[in-house]
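Each of the next two complexes has chain A plus one other chain: chain B in the first, chain C in the second.
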Partner chain A sequence: MRQLFKKKLMQDIEKEAARQDTEGQKPEQYLNEHEWEKALLKSHDFKRTFYVNQKTEKKFCFSFISTLVDESILQNNALPYLLEGELTEIVDVKSLIPIADVQVSDHNEDIETKLFNGYVLLTLEGEEKYFAFIAAQKEVVRNVAQPEVEFSVIGPKESFVESLDHNLNMIRKRVPVKELIIENYTVGSLSKSGVAILYIDGITNKDNVNTVVQRVKDIEFDEITDSSYIVQLISDNQNSPFPQLLDTERPDRIAAILAEGKVAILVDGSPHALIGPTTLVEFFGSFEDYFLNYLLSSFFRLVRLFAVAFSILITPIYVAALSYHYELIPKDLLSTLITSRREIPLPPILEALFLELTIELLREAGARLPTKVGQTIGIVGGIVIGTASVEAGLTSNVLLIIVALAALASFTTPVYRMGNTIRLLRFPFLFFAELWGMLGIVVSFSFLLAHLLKLTSLGRPFLEPLYPPRITDFKDAIIRLPFTMQYNRPQYLRTENPVRFSEKKAKQKKDIDE
Partner chain B sequence: MRIRSFFWVLAAGITLSGCVEKEIIDDVNIEMGVGYDFVEDDKIEGTVMIPIFNPDKKIGNFTYSATAASSRDLIQEVQRKSAQPLVTGSLEIALFGEGIAKKGIREFTDAFERDASIGARVYFAVADESAKSILSGTYGNRGNAVHLSQLIKHNMETRNLPITNMHLYLFDLYQEGKDPYLPILKKVEPEIIDIVGIALFKDDKLKSELPPDKMFFFKLLTDKFSEGAYKLDVGKEKVVIKDLDSKHKIKLTKRDPYNITVEIKIKGLIREYTGHIVTPEIIKKIEKEFEEQVNKEASAMIKDFQEQGIDPVGFGQFIKSKTRGFDFKRWEDEYKNLTVNVKTDMIITEVGIVE
Partner chain C sequence: MQQPVPERLQVSPFLVLYLIMSMQIGIGVLGYQRIIAKDAGYDAWISVLAAGLSIHIIIWMIYKICGTVEGDIVAANAYVFGKKIGNVISSVFIFYLLIFALAVLRTFIEVIQVWMFPEISTFWYSLVFLLLSVYIVFGGFRTVTGIAFFCIVLPSYLLLTFGFALKYAEYRNLLPIFDHSLKEFATSAYNMSLTYIGFEIPLFFYPFIKDAPKSQKWAHLGVFLTTIIYTVLAIITFTYFSEAQLAKSIWATLEMWKIVSMPFVERFEYIGIANWNLIILPNICIALWGGSMILKRAYKLRQKKGVILLALICLVAVSFFDTRAKINLLNDWTAKIGFAVTYVYIPILFIATLIAKKVKNKNEN
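And now, the complex of A and B:
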């Protein structure tokens, strides 16, 4: 089968080459045969067209990849002028056509990259050395949509798209200063993805920038399809379940963290930007926190932190208490727990695993299915399986409530990546709770803590401000203090200019009445 | 290296988990009440009460009884009768029959203090007649153990029962110059348990009993009130004083022979008064009457303790804390000659909204 397919392909290629030859006459002398041409000629979207200038009767040729080029630009803005204008030398192209990005070059090695970036190669009869590139990129970009992962009721409603230029445009508009530096690198031997590294000169610590630049440059990978690849490739500890770079789809958030002195990484083709260095507590702060009054947002942050602890620990505690520590259970709760468990044939651990896995299955199924079907799965799973398994005597209803609440609590984390981590963390805790009871929970918590203490994000401590303790950085960590108190940038970033605004001046500006 | 250490932890986790005794909540019999009685031939009857959790959320009770020569044999006897292992961690109340209490309960309390799973706030009580008859009844709808412990708890917190539990009992027992005391429970009706007084111990042996009407004065001396109530006769009228709040302070006023002053400060409000209007003069009168009564009763009680040679208030311990080179051998005699003055200061803060 494969042989047959190959054979057919070869035939096609030969046919195509023959067609090119007959249609476009014989390749003229001024067309230098290059390696890239031979390879390109096999693709059917590589086009080469020949024209003759009406005044000078010079022949010229367009070479381009039709799928990357907006041909209407060629037809309307280039071709009429080139046919009718006085084209004697290649430099004349610049003055003839009304397109800003026209380059004359003699670098043969540039041709391949330029062609794949949507440029049209113009060669002229009689010019052996020089040729011109005309920019005619075709931009296929979806519209700027509302943020879906980090939706906020208040605040800007635009989110990143897959085009790097559009994304940078959204950021530039929010930080219109010359200090905003955008460095560009190409990563991936096949994908040639553009990676932009953004920081504000004079604020961001150069070490942080250099770390990012060096790590991005060092990436050895063929196809980078999304910024998630970059996160995994440049993380400090790639074996950690914790994401060490924050990702966001909000340009406003990027603008805010640039002002704090962090580095942003944008990848062409990815609607998610990366932020580093970051800390653990930052993953529990939603960007909407900054749009609300500080009292409200502090409260919500505390709720979220509690939800995370609850989500990780409640099922293991249930298993530990029911398997080992009956004396911990208050006497009023004892009857509820025992009554709910009297018909259950499974030990607490199996009961808990059964429900946890059911929830995981539901989540996976819901995530893989189209939205409409996914809703049905939610209802089927939530109501039917839950109720039925209680009625069938497979699980106790107390545990059903606990597991459902834990699952709900894990969804409160504003960053999706962190939510996934929390999903995973529960299982080692469960395992150790079954083995050693409460002691097992303490042991696994110690492991977790040791791991978090060791973890760094771009070389900066991940558990800051909890450890190393930085009292001043608590102003925007577990709680968020009012903006008037956020006059210093976070300490752990070691910014070149630690002062955001003058505290004194901010206090001087008072109403006339006062 | 890291992988190796990880495997060590995993291996330890799996192998060491065999060392932990698993007690799955519905596969054990949770002992919530226990009672000891004295039966003939120097034998002890132990009763263990476990709750039965019914599907309709009602809690039933079940008791295992066994007779043995010592408390250690009792455990074996009872375990043999139980279908699931008996565990002691959720013990709520331990009852001692009067016969056992008179012979000394150290043998039993020793087992409780050694068992790490038993909390220090287990209630101890002396059972008038037999512990078994109290444990085998049915009271309330939350199980016997919870009923009994709540009965004792609310009487301690808001009524005239001085606070005792396992911790305080053991503290008093091992404290030189202080003797422990426990409440006495009695089954007055098939479904009702009453607190019929306070059992006063000499060391771990029951020495005498204090009737319920003296409990109020006893608590004034040994404990503090936060929410008590007392009925008082003033001339022809009767007064009920509520929300009693009391403090007591012991002062050593003289040595050789020892002379002690107990200062009691009481605050309260008038809840019921059979007369019409409470005037300031009447308040003064009530306060005075109350003070006199407390002084009289408390002094008489202390005199009684001195005669019996028991010291539940802890005068010995108090004097020891104030005296260098205190000798407990001499204290036995000195206690008999101790002079105790009770001074009471009563303030009525409120008389109700009727003027």
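And now, the complex of A and C:
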């Protein structure tokens, strides 16, 4: 085969030489015809350099995009060998250079993609059809840092970076089995972002994988800058304020969910990976829950769920009770409320909206400003504005406590996206509470419930295990049972292999004094 | 025999428990105690129990009918009476479900108007409520079942609040037992109709249950639980109220909440009534879903259009019932039609199905 190839090459070279003899020496002639080059020549970082091999006196040329190529690789690992070695034909490049990824090709249409992927195009004088690609990518990657959004006191401290390869490396190291499949797709007509879909063969349900693959393939968009674009583009219901795919910056979490039988989606250029299918309760479980004893983590999960309910409902209940149902409040408590509200000129709804908006403003300002200024604003705004508005008689101090607690409670949501949703949810509840009191709160709750019931994540019910009710999946939902009881994978994932480990081995019962 | 429903649209058999309970518990339970005590006095709890037990026979018949024709009420009517007459009879069920939804919605709004907001607009509240129901029905039967499930589970804590009345219970009120004639017991049981109806819904969603025959035990369990709840609630009410006082209490269940008091909540009925919103939600949703399903099966009307049509009729009709007397009349008629459908029509259909099956088998042989 190789011999044949060489023979054919030799013929080509001879032909070319014959032609060149008649047409005279034009060093650039053999490259000028291509369209891609014309466009590239406009950019200043497109470079072409010519060299002459010292032994055979053949001219060769490097074409590359200097901003994408690590020139030290060219200088140290390619150029000396090409200048000093015996370079007579293009296939010699492979044996001359000590770089693994060298490809000889005759596909003109590949050139553009390869150049933009950081390859160097090598063309040789007298060689019209064939050329070589030398891999010399420049990788600008920031260091692996501590997870900031999903910080945990205990447990691994590495988080994803913007390079897909580095991220995949961190996952592969945690799941070193051949069954871990990484499928790669290119998305975005301009960004050409690499999207990797990860799953474990033999565990993950193929329907889930196919759904993800199909939806990723169907994406029509020009510039994908982050995985958040992918979330919005492939969600089941794009008009829902609820995130339907979980995002994480922790490689350890990705490894854990792959073992459960879920699918992970990583996007090049994004430090956040996506997880699907997911459920509502998963958004309230922090990954640190798995690092703590199950009693502690179950308690914290319950606290978080309570915090969410509290955060959404408490201000609407205040408005409803004080606007309509003051009979609800016992005598002693009522007198406290009345004392605090005696001087307030505003009705409860305006009072509540005023404070809620203040908190929202503080949050937005804190998030947009640099960290240090943000902290100052938080303290100044929180304490000064809060105290001042109570002293000015604009809001009651009871409501101030309630709103501040509600804001605090909404921060306990471990997933940032869900926290934002909860921020938003409070306002329709407030509106209905003003309209119909307690009844309004229940009506808006019914709307919320109906919406959640309709939601799916990659076609799997979003409210599982609450509805459809599956008792066995409660082992890792609102509470987390010990690992010895997590011998089966979650039911709703319909995994190909539902057993995580043998139940019998895990349950060894001992009698007293044995 | 009808086209089988694809599995992704079906629900698990045990959810029938919640569907039946959520359809049965609605507005009747808010004030049935006075109505049943009119005839059988404080022996009426026995009628509640007896009426509840008799339902199991009807449930058994419903599952026999649906099992024989392997389909819903439209299929059963078509099986027995032929397609044309069958469809006409099925249309009566649309009317029944519609009037059921109407009665539930209007009575609940009346409760709100009497107990919470005297000025609340019937129209606007119905509009929001029906919008919510249409939104739910648009999600399909699985969503409707989900609502039925949550609307039983979430407000179930309300049962505990009736415990507060036990502190003031006078058990001697119940004595002597069996102090009334059989006829009085029967009338009293008949008066439970409005409170009990709703258990006939397997006729509408039978094909939407996975392994439908297996769901029969859950249907029985659902009816049994409802019966227990009603009986216990009746006994608590009878021990709490004196007979003369009960005769004046239109909504005895609500009045019992007045005694509830906790360190952070007084006048519990506000919370209770607001929560009752959840309990009547599946009533309306299942009725709208069932009605639009029959429209689709019998008249090939797209279900999306059918739901909106039925909701619109409900919205228009609800404004006509503006006085206590009219609402009472509506409830009476709903109870009568409900009784006729469940205790008269279903046994007839059951026998007719058996005969039709024999005749068809003979013809085949």
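By definition in this document, the second predicted complex is superposed on the first by the 479 of 514 C-alpha atoms of A that agree within 3 Å, B and C clash if a C-alpha of one lies under 4 Å from a C-alpha of the other, contacts with A are read in each partner's own complex, and residues count from 1 in each chain.
Rule of thumb we're sticking to: contacts are C-beta pairs under 8 Å (C-beta built on N, C-alpha and C of every residue); 3 or more make two chains touch, one makes a residue touch a chain.
All values reported here derive from a predicted model rather than from experimental measurement.
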{"item": "Which superposed partner A:I329 touches (first chain B, second chain C, both, neither)", "value": "both"}
{"item": "First (chain B), second (chain C), both or neither touched by A:R368", "value": "neither"}
{"item": "Which of chain B and chain C A:R142 touches, first, second, both or neither", "value": "neither"}
{"item": "Partner chain(s) touched by A:K173 [first = chain B, second = chain C, both, neither]", "value": "neither"}
{"item": "Partner chain in contact with A:W436 - chain B first, chain C second, else both or neither", "value": "both"}
{"item": "Chain B versus chain C as contact partner of A:R341, first or second or both or neither", "value": "first"}
{"item": "Touching both chain C and chain B, counted on chain A across the two superposed complexes", "value": "324, 327, 329, 331, 436-437, 439, 443, 447"}
{"item": "Chain B partner contacts - residues on chain A that touch it in the complex", "value": "321-324, 326-327, 329, 331-332, 334-339, 341-342, 344, 347-348, 432, 434-437, 439-440, 443, 447"}
{"item": "Contacting residues of chain A [partner chain C, same complex]", "value": "324-325, 327-331, 333, 436-439, 441-443, 445-447, 449-450, 453-454, 463, 466-469"}
{"item": "Chain C residues touching chain A - in the complex, by the definition given at the top", "value": "11-12, 15, 112, 116-117, 120, 125, 128-129, 132, 135-136, 139, 142-143, 146-147, 149-150, 261, 263-267, 270-271, 273-275, 277-278, 281"}
{"item": "Chain B residues within the chain A interface of the complex", "value": "9, 13-14, 16-17, 20-26, 28, 30, 32, 51, 53-55, 57, 59, 87, 89-90, 92, 117, 119, 142-143, 145-146"}
